[in-house]
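All remarks here apply to the structure that follows.
Chain IDs A, B and C follow the sequence of writing; residue 1 opens each chain.
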Amino acid sequence: MGTANAMIPLTSDISSKKETVCIFGTGDFGRSLGYKLMQCGYSIVFGSRSTQNSGLIPQGATVLSHTEAAETSDIIIIAIHRVHYSFLESLRETLNGKVLVDVSNNLKINQYAESNAEYLAQLLPGSKVVKAFNTVSAWALQSGGLDANRQVFICGDDKKAKEKVMEIVRSLGLTPLDNGSVLAAKEIENYPLQLFPMWRYPIYLSFALSAFIFLYSVVRDIIYNYVENGKDNSFFIVVTIANRVCPVVALILLALVYLPGIFAAILQLHRGTKYSRFPDWLDKWMLCRKQLGLIALAYAFLHVLYTLIIPIRYFVRWRLNSFVLQQALNNRTDPLWTGTAWHSDCYLAFGILGFFLFVLLGITSLPSVSNSVNWREFRFVQSYLGYLTLVLCTVHTLAYGGKRFLYRASYPWFLPPVYMFSLIIPCIVLVMKFFLIFPCIDRPLTEIRQGWERKPKYINHSNSNQSTKEMSSV
Amino acid sequence: MGTANAMIPLTSDISSKKETVCIFGTGDFGRSLGYKLMQCGYSIVFGSRSTQNSGLIPQGATVLSHTEAAETSDIIIIAIHRVHYSFLESLRETLNGKVLVDVSNNLKINQYAESNAEYLAQLLPGSKVVKAFNTVSAWALQSGGLDANRQVFICGDDKKAKEKVMEIVRSLGLTPLDNGSVLAAKEIENYPLQLFPMWRYPIYLSFALSAFIFLYSVVRDIIYNYVENGKDNSFFIVVTIANRVCPVVALILLALVYLPGIFAAILQLHRGTKYSRFPDWLDKWMLCRKQLGLIALAYAFLHVLYTLIIPIRYFVRWRLNSFVLQQALNNRTDPLWTGTAWHSDCYLAFGILGFFLFVLLGITSLPSVSNSVNWREFRFVQSYLGYLTLVLCTVHTLAYGGKRFLYRASYPWFLPPVYMFSLIIPCIVLVMKFFLIFPCIDRPLTEIRQGWERKPKYINHSNSNQSTKEMSSV
Amino acid sequence: MGTANAMIPLTSDISSKKETVCIFGTGDFGRSLGYKLMQCGYSIVFGSRSTQNSGLIPQGATVLSHTEAAETSDIIIIAIHRVHYSFLESLRETLNGKVLVDVSNNLKINQYAESNAEYLAQLLPGSKVVKAFNTVSAWALQSGGLDANRQVFICGDDKKAKEKVMEIVRSLGLTPLDNGSVLAAKEIENYPLQLFPMWRYPIYLSFALSAFIFLYSVVRDIIYNYVENGKDNSFFIVVTIANRVCPVVALILLALVYLPGIFAAILQLHRGTKYSRFPDWLDKWMLCRKQLGLIALAYAFLHVLYTLIIPIRYFVRWRLNSFVLQQALNNRTDPLWTGTAWHSDCYLAFGILGFFLFVLLGITSLPSVSNSVNWREFRFVQSYLGYLTLVLCTVHTLAYGGKRFLYRASYPWFLPPVYMFSLIIPCIVLVMKFFLIFPCIDRPLTEIRQGWERKPKYINHSNSNQSTKEMSSV
């Protein structure tokens, strides 16, 4: 016991001394990380082939040979390129039982068959390989301006080794995120090479839709007029047609946010269970609904701006002036048509309310906002308010169209106006949703979503007594 | 010492193996949680009455009887409904000393007298009950799409038990939040059942105000005109009157954000201390100021949209055309009234600046933004900029009114225009704030808020020498 | 071994009991913190000179003399002012080996030569001083409304002591951030006294620019007209001139966001290395680019609002009416000038798209959004989309100017229109950027930024073979 007592101050002495971390490699990232670690109170020993280039090494750090450096610490950060990993095999003895932190990245997604961390673990089976820091940039470490992502993804097979690395991450003011075993390294190594993977298809889709509607409108509004009436309306391209593309794409994309949910509900009702997987395309579609919705909001925002500048446009002012002059010259005054006033105001009011709710949806999809609501609230906003937005925007478009679809003049060269295209998918979604909220359909669907199964034919017979007893959903 | 040395690799071996977690209940939530835990490297053993229904169980998990399963792990997640807790009493021996994680939720707020976790702790006093995971949804665990709240509230009486559960929470990529002893379970169990509790009263209030002002305006502007002049202005409802309701409600709500602070200051000055509690209504009012402000911003946003579409409205275009035609037919031209130009521009400029500051306030109240400022900065924005916004919006409304209040025509059926109502509370707030920033009032108030007390009559005599010595405020 | 076994339940018993924390000082902050700690399950003992003033002390807490109180706990929170620290020397024996948490703040930045925590550590070298909680407000602790910053910065020389304090911080629902050794206390103590330090220079600059352009425009548009034509346009101040100041300042500030990056690239190319430090002014400029950009966005937002209300202004309506009446009285109608229509629409469309991208940039600079993207995505948005925004806004301004610069009337008193000033810096930035993306310049720059050095003359000779082998950039 005496020894133990004597140990306590000793331990506490040791703990107050700086821990030593070894870094293999004196390249840009190794030096930046070493510099930052020293700022946070660690002693740094660099392992390098040549121990002379001390000019770039942060002041206060030691440079030793790889073997000597490795012996100073239990944690070795491997800041060298994968192609040079093989030389580490010669240090196998020294590195045995130590924590090796793989910080490397590749140049391309899935460049090698196995991840760098797995490759390192295979080379040195006696060491504990932990993947970390690869998502942090050398520049960010140097400048201290960690504006972007502060999350450090970590994986590894050894829990204690991971915990040690996590402690280092935390003391740098970063947030460690445990991603499981070393198998997760592949995903982590691909992460910093990605460029908005979830946004790709929604953006492609919106561009394709925009291009189609733009070309269609050019034919219908400019070429038709030029061919049939000899009028040059080409300047319509810039604002008039842009303001026709934006609302149409916005409404279609908004409807596409809710369409996969309808499909999923029908599939679940048909199968009578929620435990069989959706087809792959539906899964992917479900996962990019947020992105579809935000792109729709961007288009709606552009539509609002394009609409609000209408009265400033020279063309619009000229047309209004011509109209007034025409009346003045003919000594004629129009009375106020109350019906038209109703129609114009309703159409605008639906648009305003729809856009307002759309902005609200956008705000609640900000990570920090969605993080501060519970699931019930999140679903309330994204489902109820979302459908309300869709209804308002659809009604806005219907009101915009009004009786226009009745007149022959709306179909030059038999081409219907574009707003009609934009109404197809929203109307389908709303009609199908209307049927899905009928109690006779909604009740079994809710039960299925709580884990109940109509006829468990897809899997071997489970006892449904059991599942009603146990917690189905939270 | 030899034994100790031999132990080290052994311990490290154990730590690198997957830890085992036992889950009672193979319902939806139990399975989802088990699946997610397995992904993160845990071994999962399900405890179930029947060990046959392996179809739904995630691959790789074991299903045993409750007793056998409980023996495999120190942590048992109780994913069964409260009504079935009683059968756990039969396992009292096995569960003794083990960590039981209560993940259950109720269907209604305050459904039972005691929380589910307390009930479980009473049933099994030898076990360490920890409440956790009830705010996470089964769907979110399954789909991996943890868009909403990542916080897992945890409470329990045993610190070590809580820490074990927190470690599991962290390794799932979620954020544990220690809420204290098991007494906090009641609050945690109510949390996922809430639907915007802080927003309820502000929303009710704003709807009630909107309804009143809408009906009042309908009487004053539509029914009056119909009865007295036989004119049908009913289409005013859609935009004109909506654009009267929005600014009025926005300004009243904004003033209501600052009114409780005025009341609190007066109370503190009157009582001469900050340590006596505010009346309950004032406390509640203070706590929903942010919500009041954000709803006011929403109304202000609608007001801006309704105002900006004015020149696109058919009615407005018709009225402007009629006016010009009238002048053209009478061969008359109006000169530019500089006073009117000043008035119109000032009114618009105040509105723009007020709305701009209002949006700034809204942005700084986003959780991630307010999280990156210190208290001095937060108070600067929310207090100084907030009052500046209130001043600008009040002046905007005063400028809008202008000399209108002098004319008889502004009071059809003796009803004053609605903008006058909106000015009452803001003017009261601003006048009272004006007095409160007088040095002779501000100085004692600041001292009181730093902990000084005028005459400690409410409590037994504390020595104020002492309190000046000790830290009063940070 | 038997002893060890017996110890385990004992330890676990102890851990389930409430830990005791001692607080020196019963002032406002000490009491608030004590109250909050008790809510979270800690036992609180206050150390105070007089043990009688129990009125303000939270119920359930004990008040003892300083010595007695200090003996109850290993952690003592020192909630007394720095000027009274000296009396703690008399408790040196009792406080030996204990964790002292310094929560104090000063009234001014850099009030004392050494930080309060360092001073405390010098007074009591045997104690383990940890700085913490100084960024938390007493009011926030009391009210529970922790809307603002939840981060608690912590520093200290003893790791274990820091960890204990961090555990307390976490159990209060706050986020501890380890800032390193006690030397960091100075920075932490200054933090809560700061008022937007990074925003100061950008705001000063934007105000100075606004004032200059405002005065210039007053001279050019109002005084000139008054002196030469005797016309009183003074009401132009409110909206017309404000809407000239906003876009000019916005565009200049946006260009100033990208100018330092150009300078840095030229410096790096000239020096042939990235490892020599930038001059101080450039470093500071680089660090406040985000703030410059956000202020530019605010001005752009005001510009949009000022532009959208144009058609509602009395002056604009009067001018349009006069124009139409003039035409009506002269029986003259203008044809539609297609060139003018193109010009007007292009100018508006560029502005809309530029503003749209600007808003997008603003949204991605929200902390929670930038936190959810990786570095590649962050740079893509802030660099590519940023330059695209600058191009669109510059083209918008060029299109606004159009041929105006050719006419004599644009130069009253030889003063050019203000939009010309706004074009200088953006054009310089875009031209220089145009040259920097030439492959023959871009390639060496990229290599330099990855750590390559042309001629390491600034530092003693490092072997560049080495640096190509080791990781240069992530």
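What we mean here is this: a contact is a pair of C-beta atoms (placed from the backbone, for glycine too) under 8 Å apart; a residue touches a chain by one contact, two chains touch by 3 or more.
The chain list, named the UniProt way, goes like this: A, B, C = Metalloreductase STEAP4.
Just so we're clear, the structure is a prediction, and the values are computed from it rather than from any experiment.
*Asks:* Using the touch definition from the top, list the chains contacting both chain B and chain C.
*Replies:* Looking at chain C and chain B together, the chains touching each of them are A.
*Asks:* Taking shared residue numbers divided by all residue numbers at the interface, is the value for chain A and chain B over half (same) or under half (different)?
*Replies:* Here the answer is different, because the shared fraction of interface numbers falls below one half.
*Asks:* Could you work out the angle of the rotation that brings the CA atoms of chain A onto the matching CA atoms of chain C, rounded to the nearest 5 degrees?
*Replies:* 120
*Asks:* Using Cα averages as centroids, what's the distance between chain A and chain B in whole Å?
*Replies:* Going by mean C-alpha positions, chain A sits 24 Å from chain B.
*Asks:* Multi-chain contacts only, two chains or more: what residues does chain A have there?
*Replies:* Only 308, 311, 324, 328, 366-369, 371 qualify.
*Asks:* Contact residues on chain A for chain C in the complex?
*Replies:* Listed in rising order, the residues of chain A that touch chain C are 9, 12, 15-16, 19, 25-30, 39-41, 48-50, 52-56, 79-81, 84, 103-105, 133-140, 143, 145, 147-151, 170-171, 173, 191-196, 232, 234-235, 238-240, 242, 298, 301-302, 305-306, 308-309, 311-315, 317-318, 321-322, 324-325, 328-329, 366-369, 371.
*Asks:* Please name which positions on chain B make contact with chain C in the complex.
*Replies:* Against chain C, the touching part of chain B is residues 128, 157-160, 177-181, 275, 286-287, 290, 304, 307-308, 310-311, 320, 323-324, 327-328, 331, 333-334, 336-338, 340-346, 348-349, 352-353, 355-356, 359-360, 365-378, 380, 450-451, 456, 459-463, 466-467, 469-474.
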